[in-house]
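This structure is in structure tokens; I'll ask about it shortly.
All chains are identified by letter, namely A, B, C and D, in their written order; residue positions are counted from 1 within each chain.
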Amino acid sequence: MNTDFINQIGLNHYLILAALLFTMGMAGVLLRRNVIVLLMSIELMLNSVNLTFVAFSKYLGLLDGHIIVFFVMTIAAAEAAVGLALAVTIFKRFREVNIRFFEHLKG
Amino acid sequence: MNHSLLMALVILSPLIGFLINGFRYKRHSANVAGVIATIAIAISFVSSAILVTDLIAMPEESRRIAVKFFEWLVIDRLKIDAGFVVDQISAVMILIITGVGTLIHMYSIGYMHHDKGAAKYFAYLNLFIFNMLLLVLGDSLLVMFVGWEGVGLCSYLLIGFWFTDSEKAAAGMKAFITNRVGDAAFLLGMFLLFVTYGTLNFSELNALAPTVAESSWLGAVTLGTLFLFIGATGKSAQIPLYVWLPDAMAGPTPVSALIHAATMVTAGVYMIVRLNPLFIMAPNTMMVIAIIGAATVVFAATIGMTQWDIKKILAYSTVSQLGYMFLACGVGAFGAAMFHLMTHAFFKALMFLGSGSVIHAMHEEQDVRKMGGLKKYLPITHITFFLGWLAIIGMPPFAGFFSKDEILAYTFNSPMGSPILWAAGVLGATLTAFYMTRLMALTFWGKSRVSKDVHPHESPALMTIPLITLGVLSVIGGWIGVPHVLGEYLGHIPNVWEHWLHPLIKGIPGWQTLDHATEFALMGTSVGLALISAGIAYHFYVKAPDAPKKIAEKIKPIYNLVYNKYFVDEVYFGAIINPLVNLSRNIWYYIDVNFIDKMTYLAGDLARGMGSVIRSSQTGNVQQYAMYIGIGVVVALSFVIMR
Amino acid sequence: MNTVTLSDILLISPMIALFLTSLIPITVKVLRGNREQHSLATLSQALIGIIISLGLLVIFGGAGKTAFNNGLIFDGVTQWLGAVALGSAAVGMIMMYENPATVGKQFSELIFLAMSSAVGMLILVAAVDLLVVFIGLEMMSLPLYLMIAMSHEGKLSKEAALKYFLLGSFASAILLYGVALIFGSTGGTNILAFMGDAAELVQTSRLFLFGITFVILGFCFKVSIAPFHAWTPDVYQGAPTPHSAFMATAVKAVSFAAFLRIIATQALVGSDHLFDILQWLAVITMIVGNTAAILQNNLKRMIAYSSVAHSGYLLIGVITAGVSQNSIFGASSVIFYLLSYAFMTLGAFAIASMMERSENHIINIDDLAGLAKKRPMLSLCMTVFLLSLAGIPPTVGFFGKFYLFNAAVGEGLLWLAIWGVVSSVIGVYYYLRPIVVMYMKEGEAEIAGHSLNATTITAVVMALAIVLMGFVSGPIFSAVEKSLF
Amino acid sequence: MILSSVVFLPLLFALIVAVWPKTSSIRHLAFGFSIIEFLLSLRLVQLFDSNTAGLQMVEKHLWIERFGISYFLGIDGISLWLVLLTTFLTPIIILASWTSISERIKGFHVSLFVLQTAMLGTFLAFDAIFFYVFWELSLVPMYFMIGIWGGARRIYATVKFFIYTFAGSVLMLIAIIYMMYLTQEATGAMSANLLDFYKLKIPFVGGAFFSLQTLLFFAFALAFAIKVPVFPLHTWLPDAHVEAPTPGSVILAGVMLKMGTYGFMRWVIPLFPEASEYWAWLFMLIGAVGIIYGALVAMVQPDVKKLVAYSSVSHMGYILLGLFAFNSYGMSGGLYQMLNHGISTGALFIMIGMIYERTHSREIAKYGGLAGVLPLFTIFFFIVTLSSIALPLTNGFIGEFLILLGTYQAQPVFAYFAVTGVIFGAVYMLWMFKRMFFGAKGELVADEHHPLFDLNFREVAVMIPLVLMIFWMGIFPNHFLDYSKASIDNLVNNRTNYNLTIVEPGAAEIMHAQGEK
């Protein structure tokens, strides 16, 4: 099995992938209706950032990026916890997870 | 006595009288108020007389009493003192003002006897005298202007004295505003002269007057004097600003006598005479003055022929007579103008007071069609009025003859005059004789048309004494200015008047004395024509009362035109006043309310509009908000990358 | 590598103190078997913590020392804006103590969260490493989401929390992406590392340019610069009033602190486009905030929009600091403005908070009608706050604007200053409205609670401070400026 | 210290009134205070040295060192009478509002005193920012005065007033800041000191609008022009006047409008001499247009207060015309007219307030024949009317005459237009007077259920000082002009390199100071 292609994957590929993931996450936030899915999309965005960090870290030969990723993951976890807690509260209160339902504050 | 003190007495005693009566404004008694006011003026008159005596005692070349009380307004080059001068011209004026004024105040006590506002009336009258004295005594144009506006104010107050009548109040307002038009021009004239000569002081101005006549229309002297003359047309009721004077008859009759015949309306003439060295160097202005004067003479006289209101007739007559004075000024005969000013003050004040006596007797009736044959009820009034009549139609040796004739002679002969102007003057004299005779006839002669419930009676002595005094003056007033040609014939009677004024009056350039024959011929012509005209009028209104009506029928369009005063008021209203009011309404409505305000609202609306756009973008949808963020990021990135 | 030294510990002692005291109320509650202690006790514990923290911040901070391997810096910005944040937190908590939507059940938890958020703020305000910035940001924001959701009011607060959370996380992700790009281009995340080179880097490295743009836009979200402002009115309206006050002042202050640090790299000097775009954002923000505020009926929403507008003014100062050779002036003007802004906004929200009689009570501007007759003192205070917000002298609001615009003019950003004053004219229009309603309309406005409660006292103190600071704004400003050297 | 006391004493009074416990005695208290203030300001006249154009009684302390902003009070011939006008009108206003302001008396007097401080500060401050603070501060109490004690549309009017004037002045703030930087460039140290501003030589390019001096000039001029207000920017004024309560209108017309014209004299003309000269035609034009426009629009107003408000536009047009004539006559006239307008228009508003208290209407058409019913009122009203139409021997004449003379000397063409204002002024005032006071009794006057009473003692006491001033200023103008002569000559003659020297306190004061030691 030829694994050379792996070596040919450069920084740019990772970055583009990460950018794509970021955009997908963004699109998810913009387009999906379910609050939970929105949360997941945000996680996707954060993870794409993680990917960017790791890729840079690897190609710059620095360890910092990897450490940063741990920080980010921790924060993402905290964020997810808060987000899910919110989602649960809201669901309990309104029986609704469609984001379009929450349009009382406007104008 | 000290001149300053005397001057202060002359000027301030009417003011004090005004203040006393002013603070008593609620009192009704005409006697007390009248006596206070009359005494105030009498003091002024006596002081004036002493001043003038002092003046006469002075050597001829330095006849001038100047008093400066304080510096009034001093800014940069502008130095105006509260300074007053008695010289040959103002001496005459103050004597007329305080003298005739005293008589009229006295007369007013009787006339206003029943009026509840008497205190106010006398206060105004005193204030008027005060302002008139400021006007004539002031040593600079600005001080004169103070009096000039002040007399306008008093005229306003007195015309609208019976203010509950809206029309009378309107007449007062009309007088003031018309005068203001003139005053605005007066101001401009002052500015122009000040900017040119750097002073407003009369003696300095006269000294600085150019020695060569100015031919340009836009030269400082010409323009300045023209503006001043426009001011004079307002105050002295000349075309085109005469319109207020007939309406001014709404005031009490003594007021008409004092203000609108004897004194205030002559202020314009006085001002021109004051500045004669300046005016004479502006031949263009002089021409305009002469033409306006002559036109006014004829114009007003024709209207006078058709009026039925006794005071209106006299008012138009005043306008016409003032025209003579301006005609005189215009041809350079300033002395003659002053002379006529004086004689006119006597006989016209007399006639107004006489008419007041008639109106008083007729219980406020002013329509001559409802009079007639009053001779027997009002003997004194009739006699004095008769003297006035003789004076105004120019019968020798009554006062009017001398002054009017001098004017006509000058008009004919002066290099600035012309036979056409003379002809206009003579025509005016003829017409004057006609309508004055008509007035006499309709009022005093012929059959009585007085309604049954009116019982005319002669006025009290308080009113008749001034009449008699003025009557005498109307007879003898002219004798101080006997023309040389007559004086020589009658035994070397000197022309005191001319001699007296001589130092202050600039000679007419290119003047040549008229030969005697021509002068007699001119005299004869005007007197003769006046006699014929008076005779016709006598025939029409006494012998054949139906004739005038028939003639009027025959020339109906012309008659109506004249009867309606050539529709001048209507034209003024239609062409100036109403359009102006409409314009104002429109600019208020369209510019202020609907444009400027709307523009500011527009700014507000713009902000609100943007606000509502932004609000509508704030839908409450989180994803939309996220979209804004996304778009913002994308736009920013793409902009940033374009480097 | 460096180890943790005593100096580091001393420097971060304010955070530690705050964190430790934040635990007290909640620990007490646990020990009491999940029973609330008296809320006054909770409040006083919190206030004591804040005071200690503030004291430590004043004592140890401010010398420009860095801690934790250049991760945190303690300079004038830290000190002043940290103090603003702590002060706002204190005032916010006093308001929470008396607001029906926050007091009572779960008050200890609420205070704990608020203080945690304050800890995050202190971190953010001191952070010079982008990663620490991010951590501080999240530490600050996450408790806030919860605090809002914890409101006793059932509907709008939940919606507000959700919106805030979603958009906040979204923006954090964008910011973090920018951090990643900067890391990629420079090999580090420390701002101090590329302090001098940013101007060059933005020209040479597109990656860096992207990264810094992302970061800046991420902060634009936090400080509600249009068009990233959309959350602000919704959240401020939906959140309990004390929280809105807290967010509008503390969050804004510390976010601007971080913003200033980013901008101090002088990236703007290198990229004209970035410079342009920020200027436009400032203009747009001022216009959006001010015009949208005109049409609001809800008092809190109006103040929210006004807060957007004020961010626009502040951005002018930030830009000035970013392009200036003498960036301290611009930065000082921003700090001074934030300081004064904190007073007036806290005051205005305090009045709004006092008006709320129950947790579901919505305060419209018209509800203020007649307040002047019932509560002249409070109306006067409100008037002072609003006039100060509008920038009418001699209130401190005027001097704040004056220094900002002065800095802008000094840098040749005349047109921004002109936009600033012109939009402040629009601002006057809506700031006058509550005054009109209070003084010139008849009504039955009523204040909940005692006439002399903690919030009232706070409001009066704020009003006095605003007027007094107007007179001594010069020395304060100089102090701010001096502390930045 | 005297200037500081003059400026800030009212503020202290405001505080005392604010905490005064008894509502019933507030009016007496406030009246007493305002008299004290007036007497104190009379002391200024006594101390004032009229021979110098310099700045006197200077108090200067650095306030905001960082920007060279100082607490800088001073007085010269231009400020002196405006200060006196302010302190003179205040007791009159308090007396005039004795019965018309019946609600929130405390708030009213507090506003009044704060306003007084703001106005006095505006006239006496010689530091740009210090000045600006007072300038803007003056809006606030006025805003309350109109908004709380005003008429039916008071809120609309007061907001319009506030925003209009605020909008005008913000650009001035930017210009001030810019000039502070110019001083920094010129001297190395930033300064907001007006005297330092005077020393600046700001480059001027004739034809270009977007040149430095021109832009700064317009930034300042706009602020002052709105305050004055000049013709196209005047629409806030009629609304504000009509809706304001009597004392508000009096202050507004009497003093606040003067802040605008004062600004032209103190700031615009000496700071930007070339631009002022270059654009003089524009300001003379809007001045002249304003005179005619204001008069014409005043003529057709159905509401007497609005009529007077528009007459203000007309009168303020004169002032502008005079100032931009750039000669002693015009400037002195302009300054004099400021005082005249303050007194006569103030008096008119007071009297309209008096009649409004009696009938609760300002509609001219409903009046008529007042002269027969209220003779005393009529006399006072008439005197004030005369002053307003500039009859000689009243104060109005001196101002108008000097202005028109100055204008004629500078630009005759504008004088030709402006002089029509003399006519129109008489038209609208007298027409109004005729409709209200003459003729048959109008519906309000004839109303048997509400018989009208003539002025009472208090009201006469209000009017007497005003009327005395009208005549005093008309008959002895030099008493007043002498004090401002040196300052105005300095302004006229040294416009292009204008500066004020600070005159050390007079010998008397030094001796006094030594005596204390």
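In this section, a contact is a pair of C-beta atoms (placed from the backbone, for glycine too) under 8 Å apart; a residue touches a chain by one contact, two chains touch by 3 or more.
What you see is a predicted model; the values in this text were computed from it and never measured.
Colleague: Report the most central chain, judged by the distance from each chain's C-alpha mean to the global C-alpha mean.
Modeller: D
Colleague: When the contacting C-beta pairs are counted for A-C and for A-B, which pair yields the higher total?
Modeller: Between the two chain pairs, A-C has more contacting C-beta pairs.
Colleague: Measuring centre to centre, with centres taken as mean CA positions, what chain is farthest from subunit C?
Modeller: B
Colleague: Could you tell me the distance, in whole angstrom, between the mean C-alpha positions of subunit A and subunit C?
Modeller: Centres of subunit A and subunit C (C-alpha means) sit 27 Å apart.
Colleague: Centre to centre, by mean C-alpha position, how many angstrom separate subunit A and subunit B?
Modeller: Chain centres of subunit A and subunit B, defined by C-alpha means, are spaced 99 Å apart.
Colleague: Roughly how many whole angstrom separate the Cα centroids of subunit A and subunit D?
Modeller: Once rounded, the distance between the two centres reads 66 Å.
Colleague: Averaging only over C-alpha atoms, locate the centres of subunit B and subunit C and give their separation in whole Å.
Modeller: Whole-Å distance between the two chain centres: 79.
Colleague: Using the touch rule from the top of the page, what residues of subunit D touch 2 or more other chains?
Modeller: none
Colleague: Residues of subunit A that contact two or more other chains, please.
Modeller: Within subunit A, the residues that touch at least two other chains are 26, 29, 99, 102, 104-107.
Colleague: Give the residues of subunit C touching no fewer than two other chains, as numbers and ranges.
Modeller: 162-163, 166, 170, 174, 233-234, 295, 429
Colleague: Going by the touch rule stated at the top, which chains touch which?
Modeller: All chain pairs meeting the touch criterion are A-B, A-C, B-C, B-D, C-D.
Colleague: Which of the residues in subunit A come into contact with subunit C in the complex?
Modeller: 15, 18, 22, 25-26, 29, 35, 38, 42, 45-46, 48-49, 52-53, 55-57, 60, 62, 64-65, 68, 71-72, 75, 78-79, 82-83, 85-87, 89-90, 93-94, 99, 102, 104-107
Colleague: Give the list of subunit B residues in touch with subunit C in this complex.
Modeller: So the residues of subunit B in touch with subunit C come to 604, 607-608, 610-612, 614-615, 617-618, 620, 622, 624-626, 628-629, 631-633, 636-637, 639-643.
Colleague: Quick one: which bits of subunit B touch subunit A in the complex? Just the residue numbers, please.
Modeller: 615, 618-623, 626-627, 630
Colleague: Report the residues of subunit C in contact with subunit A in the complex, numbered from low to high.
Modeller: These residues of subunit C touch subunit A: 131, 134-135, 138, 142, 145-146, 149, 154-156, 158-163, 165-166, 169-170, 172-174, 176-177, 179-181, 183-184, 187-189, 233-235, 237-238, 295-296, 301.
Colleague: Going by the contact rule set out above, which residues of subunit C touch subunit D in the complex?
Modeller: 376, 387, 392-394, 398, 402, 405-406, 409-410, 414, 417-418, 421-422, 424-425, 428-429, 432, 435-436, 439-441, 473-474, 477-478, 481
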